[in-house]
């Protein structure tokens, strides 16, 4: 079992999720292969890193607080060590604080990873079929006491 | 520190949780020792894999969306390497979407694991005392926009 | 990559979070360096382990159920191996069950760790800038069906 490669891939996914929720799009882009395929549920499919990043940059502005947490990695390195597969459990929450709506959900990611000549791993394919997703108005009396995007 | 055994046990627990929430009962059963003991809070105790799996199969049908996420593994391999102990933090959410109820909770698992002659780890004992568990009607205006079990 | 040190630091953080939510203040204290600096958002700063522990002991009594879950570790061991840096994603929930209020939030921790002469890691600095924090009354019909602190 190549524990170093497994830890590197976990870090890659963690960086992808951290830069997503912090809206750091250049660092986010660097987690993806140029030809990355993404299928986020039934309604959102992308072909290529540029498409994915352009969509995120446009759709996840400061009017949305997003929280994407991934758990339960099960990662298999391919024989040869140049590729890998992984599954993760996702829990996500999106607070549309200006519209006073909240989206919550959970699912399982199925990913493919690729290692370049320098040894760096990137996401080559990512996607999920939803376990559930729900929308609701923010609860009665729900009040943000901190919001990193409030002044932006 | 036997990092390979630790990673194997994390994967075992992740597979147990993934197959639980995806209702894949045969794969779920394979995560458990035949004589597995389980104590899920004060009200749910089982003796033996068959009892555990029969209960889950019967109780967690498509009218329930379940999400069980475990965090914070602290795993100790026994001297000799044939057994291990582990603690995990759990957060769970159950959406009874037909009854419009939701159960949420959190706790800490205390597990025992055993390795068979072929090297495979399985859960020999699992259980927790609840930190909290709460029931509530689904919030006003809560609407599922995706549900893997809707048509089943 | 020093995988043993990385696993030790993950365990340290997991123990810190477990003892925090179980209100085991002596074990919690042992996760911290004597001169530990902590900055939990804008409003809560502490200098020294004694200050941190005294505040937690006083503020997080049995009238509060707390759940602090950390995800997405990205840990770098310093050259030489006596210190380390780490980032983590946090999701927290506090149920003030007597006051029927709930606080939820998420953020990213930035930590520093130090290893003592015996090889044990402790937290030397910890803190975050909030992604979000929100307060709300407990939802209509929210009923605790288990509460570890109910009788204390």
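Lettered A, B and C in written order, each chain numbered from 1.
Following the convention adopted for this analysis, a residue touches a chain if its C-beta (ideal position, glycine included) is under 8 Å from a C-beta of that chain, and two chains touch if they have at least 3 such contacts.
A quick note: this is a predicted structure, and the numbers were derived from the prediction, not measured.
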Going by the touch rule set out above, what shape does the chain contact graph take here: line, ring, star, complete or other? complete
Check the residue numbers that chain A and chain B use where they touch, and answer same if over half are used by both copies, otherwise different. different
Superposing rotation of chain B relative to chain C, computed on C-alpha atoms, to nearest 5°: 120
Taking the mean of the CA coordinates per chain, how far is chain A from chain B in Å? 24
Could you list the positions in chain A whose residues touch two or more of the other chains? 3, 71, 139-140
If we count contacts the way the header does, which residues on chain A are in touch with chain B in the complex? 1, 3, 6, 41-42, 71-74, 87, 89, 91, 103, 105-106, 108, 129-137, 139-140
Which part of chain C faces chain B closely enough to touch in the complex? 3-4, 7-8, 10-11, 13-15, 17-18, 21-22, 65, 67, 69-71, 93, 95, 139-148
